[in-house]
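First chain A sits with chain B, and in the next complex the same chain sits with chain C.
So, the complex of A and B:
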């Protein structure tokens, strides 16, 4: 009789405690996330929905979004941005996949030092890195000097700097670390025997890459796209410093709206639209990479 | 829907609404600032104390300009913030950004006036006010005749050429910027008003600050048609200096101050006033309608109006707004520092259709 009545009152309390414990653990980070990530987003949305402080009107409006969406100028800039960002992303993937493969499977004890090298290279101040590119690509830069000294050209190749090419090149290299690492992480999870099995079954390297490697690193590619492709759309420093008269992108348009025109509301609206487009892109990429199917 | 879920959602909704309300209130701005003339300090010689927040263009407050002021006022905490345009400054100030002194330029200050963000100042509180160049200009006063700012800097805007690459005689007109001989070697200052004005002058339009919309369109199209002429659009003086230093540009439009910075860097550069006329800009220091430290604000304005500060400014390539500064300058600066140089220049003023200029320049950039 006694033993049956003892644990009864304690059991539900313990169950509640165990149920609430994860929430207690999560409350501080969630509050931080809310305060420093979500709240600024809400602030930006509200600013985007308000009349500009210089307009003389107060209250809420959708006109900032309408102005951005209906302006053919921004459509043109958006097209340039998509072109530059997409080419830069494709180049990064073309470089990152073999690079990650070498890191994950081929370099043995050099794997960690090389990985650290990649991370450290990314720590360089972005402005310094862009100016370093200017010194390399400029008319009197190292590359043009070498081309002339080697007799490959008679005059400096102007297209190396202040062109779409230079913007794509600088963007591609600026974010390469963030493309390589998620793909490398995905590759590390692959059992090397799978490649051997594929070879035993008669698959060449191209078939193995297409049928084995790419499906298995799809989650890594998805993460790389999220980390890199979306920020490429908002970059304004690279096009401003190496784009010359050709690299005006959406990031520059936002910068001009906010810093030159003082149109914080228009800039916020454009940023929110870019955020929305990014979210759509993320969903599409998630579906295309078939992560859910792989998990199952 | 469970009761707990409903409560959580209600809580989230309330939190979101609270944020929205807070933002909405803050975005209404800090209107209602003072509009009466800012009283000058009783004792103008007393050192300033407290905190003074100045809000200027990036190149107005270099250390060599501010260090003497800091030394004269050791108990004053001087905070400096910068902006890219008066429009951006007006948006920030209207949104609640706090500053005591703001720099204004005659070609773009209207957003600050329209939003009542400036407080007239008492010219008697500025010892050298009547000596300052342009102090009697209409642009310095509001419609009621109150003084809005004390002129602090001015300069001519013409052509900058690398004399090793461009013979001086070939760079006497803005048309030199569009000369095929310098295709891919020219640079253009990336500000809407000057870019459109320079193109208009090169086209032979002689009133670049009062272009009709059709003329703005014509200037825009001229720039688009000649885009290959330009290696880059320079968004700052430093950027322009870099373009010349790295050999990317040999001819550009620009201010004498920018050319002086290149000369100081050892570049073979000359500033030329084009035959169509140099453009001239005038900027000054104003007191904001929310200024807290008026005594220190007057102290700073007085400092900028002093011959000593204007001599420093002249060495940076600008016109000395106080003619007494000429006595403090070596002779080689006299010609460039003399404010009479600007008498024949085309003053940069804010066009009635300034938005058309802005839009045209955006379209040039986006091509």
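So, the complex of A and C:
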């Protein structure tokens, strides 16, 4: 294949090389992914299609998927998960778009140091960040004690922790870096003269934002969706530590199936369903990104 | 709200002109300040309360103490967990860099059958949620009868981390022109000399960035470590298990503060290194934003 594209007829040594070199570079990484990424996925799929050990039946079945899909409890958990992930995503986009604009065009020589702070925000251990929020939001946490000391409320506000609110807050702050950076990257590619041109042609800020800025950063927004929405949708550390029963998400359901009830088959089926949902979402977001990029 | 800041300093004569001119700037900085407070405020409070002389974490302030640090130091579980994380992350970083450089070079500079498939395979690892990889890994190793330990954690960390290195270094390799490499070969350089004197200086900033990200991905990883650790704990798993069992503990504050300070130092150190490497290859200060924007495209 390679020798055909070479301009000069390939000497035997050269042809040998053009086969050997890709093999030397690619075999180890690809083999690793084959053995410990693809193979576990296949095994998980097989387990998801088998009867559980306890059921006493053997052979293949779709009942694990049926059980997960027909259980009204899981349907409710799925709704909660989509709700929490979507609200957290929308909040992040509402913050990230203006923030990326400010970083790209407004802060001058502070641009790189501020960027570094957002990298740092992501690099800090997520468990430490979740713990810090839990410390602030709890019944006897700092926010509640401060509210009471200041006389704003008499009793602690319970809704601060172990609620949908706390999960959304913690998730929004956890992934903000990954939402800001792609949008910032799209902003950096914009020619600043476009804004001036829009202004000279009489466009107000709202028109400029809607007709000039948003179409140009749309690919960045889709990349942010691709990077952030799937991890949001499958997160289980934040809901486990700050969600209580109200913020119970699909990730927690998988964890409970696999580790608490020991139902590997059910856990595998649910994981496969979440993987399928993630894949569909990823393909749609990826397509949208490509379409937007082609349109420009 | 802050998009209001969009039309910078619109020239409009009349009253309030100066206010109008300054408003976008003020709004911009207010937004930045607010976001920074929300992102870093909680962690700063956590650090502050690691010095509070009280076993419950709440106001009022009971006085300054370092006893939680003494307690953390003598806490065997905490120390084991941190040491485990450091060992796994160091090994994963080295192995990820080796595999990542190989795959990035192969995918960007060589032509071979199945290149599209290999690129897609490496890319797809980055999109599959860690929860799913953790569960799949757990099932896989239990079917094989392999006991879960730090080794299974490290192996699966490597699987998810080196494709990130591939992405960062590929972005670095794509950014600079291949004609330089061809010129070096035409001028009589050997393959090794070309790699050493032409390619390496160009991708050195990407390498440094990939290294620090790989370390952080492994060190911070919770989902995979949680499912694949068996009885071995890494630092995030230790924090999680403590918080699941009990209320907040000042010892956790102390350990977390030490980790956070180390991570701040690591990130700033890496930034200075990347800047220096970038300057040496003649690109200077833009490198960080190039790296960020390059890696996500």
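Just so it is clear, the second predicted complex is superposed on the first by the 237 of 296 C-alpha atoms of A that agree within 3 Å, B and C clash if a C-alpha of one lies under 4 Å from a C-alpha of the other, contacts with A are read in each partner's own complex, and residues count from 1 in each chain.
Everything below uses one rule, namely that a contact is a pair of C-beta atoms (placed from the backbone, for glycine too) under 8 Å apart; a residue touches a chain by one contact, two chains touch by 3 or more.
Predicted model only: the values in this text are computed from it and were never measured.
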Inset, instruction - Once the structures are superposed on A, label A:197 by its partner contacts, choosing first (chain B), second (chain C), both or neither. - result: neither
Legend entry - chain A residues touched - chain C or chain B, whichever exceeds: C
Inset, instruction - Considering only touches as defined above, state whether A:284 meets chain B (first), chain C (second), both or neither. - result: neither
Inset, instruction - Please indicate which partner A:245 is in contact with in the superposed arrangement: first for chain B, second for chain C, both, or neither. - result: first
Legend entry - Which superposed partner A:47 touches (first chain B, second chain C, both, neither): both
Inset, instruction - Check whether A:79 is in contact with chain B, with chain C, with both or with neither, and answer first, second, both or neither. - result: neither
Inset, instruction - Quick one: classify A:162 as touching chain B (first), chain C (second), both or neither. - result: first
Legend entry - chain B versus chain C as contact partner of A:152, first or second or both or neither: neither
Inset, instruction - Would you sort A:90 into first (chain B), second (chain C), both or neither based on which partner it touches? - result: neither
Legend entry - chain B versus chain C as contact partner of A:264, first or second or both or neither: both
Legend entry - chain B and chain C footprints on chain A, overlapping residues: 39, 43, 47, 134-135, 138, 140, 240, 258-259, 264
Legend entry - Touching residues (chain side chain A, partner chain B) in the complex: 34, 39, 42-43, 46-47, 50, 52-54, 56, 58, 60, 73, 76-77, 80, 134-135, 138-140, 158, 161-162, 240, 244-245, 248, 252-253, 256, 258-264
Inset, instruction - Within their complex, state which residues of chain B touch chain A. - result: 15-16, 19-20, 23-24, 27-29, 83-85, 87-92, 94-95, 111, 114-115, 184, 227, 230-233, 235, 246-248, 358-359, 362-363, 365-367
Legend entry - For the chain A and chain C complex, residues of the former touching the latter: 1-2, 5, 18-19, 21-23, 25-26, 28-30, 32-33, 36-41, 43-44, 47, 95, 97-99, 101-103, 105-107, 111-112, 114-121, 123-129, 131-136, 138, 140-142, 145-146, 149, 173, 176, 181-182, 184-185, 188-189, 195, 199, 204-205, 208-209, 213, 223, 226-227, 230-231, 233-237, 240-241, 251, 254-255, 258-259, 264, 267-268, 271, 274-275, 278-279, 282
Legend entry - Of all residues in chain C, those that touch chain A in their complex: 1-8, 10, 24-25, 28-29, 31-32, 35-36, 38-40, 42-43, 45-46, 49, 56-59, 99-100, 102-103, 105-107, 110-113, 115, 118, 121-122, 125, 127-133, 135-140, 142-143, 155-156, 158-159, 162-163, 166, 212, 216, 219-220, 222-223, 226-227, 235-236, 239-240, 243-244, 248, 252-253, 256, 259-260, 263-264, 266-268, 271, 285, 288-289, 292-293, 296-297
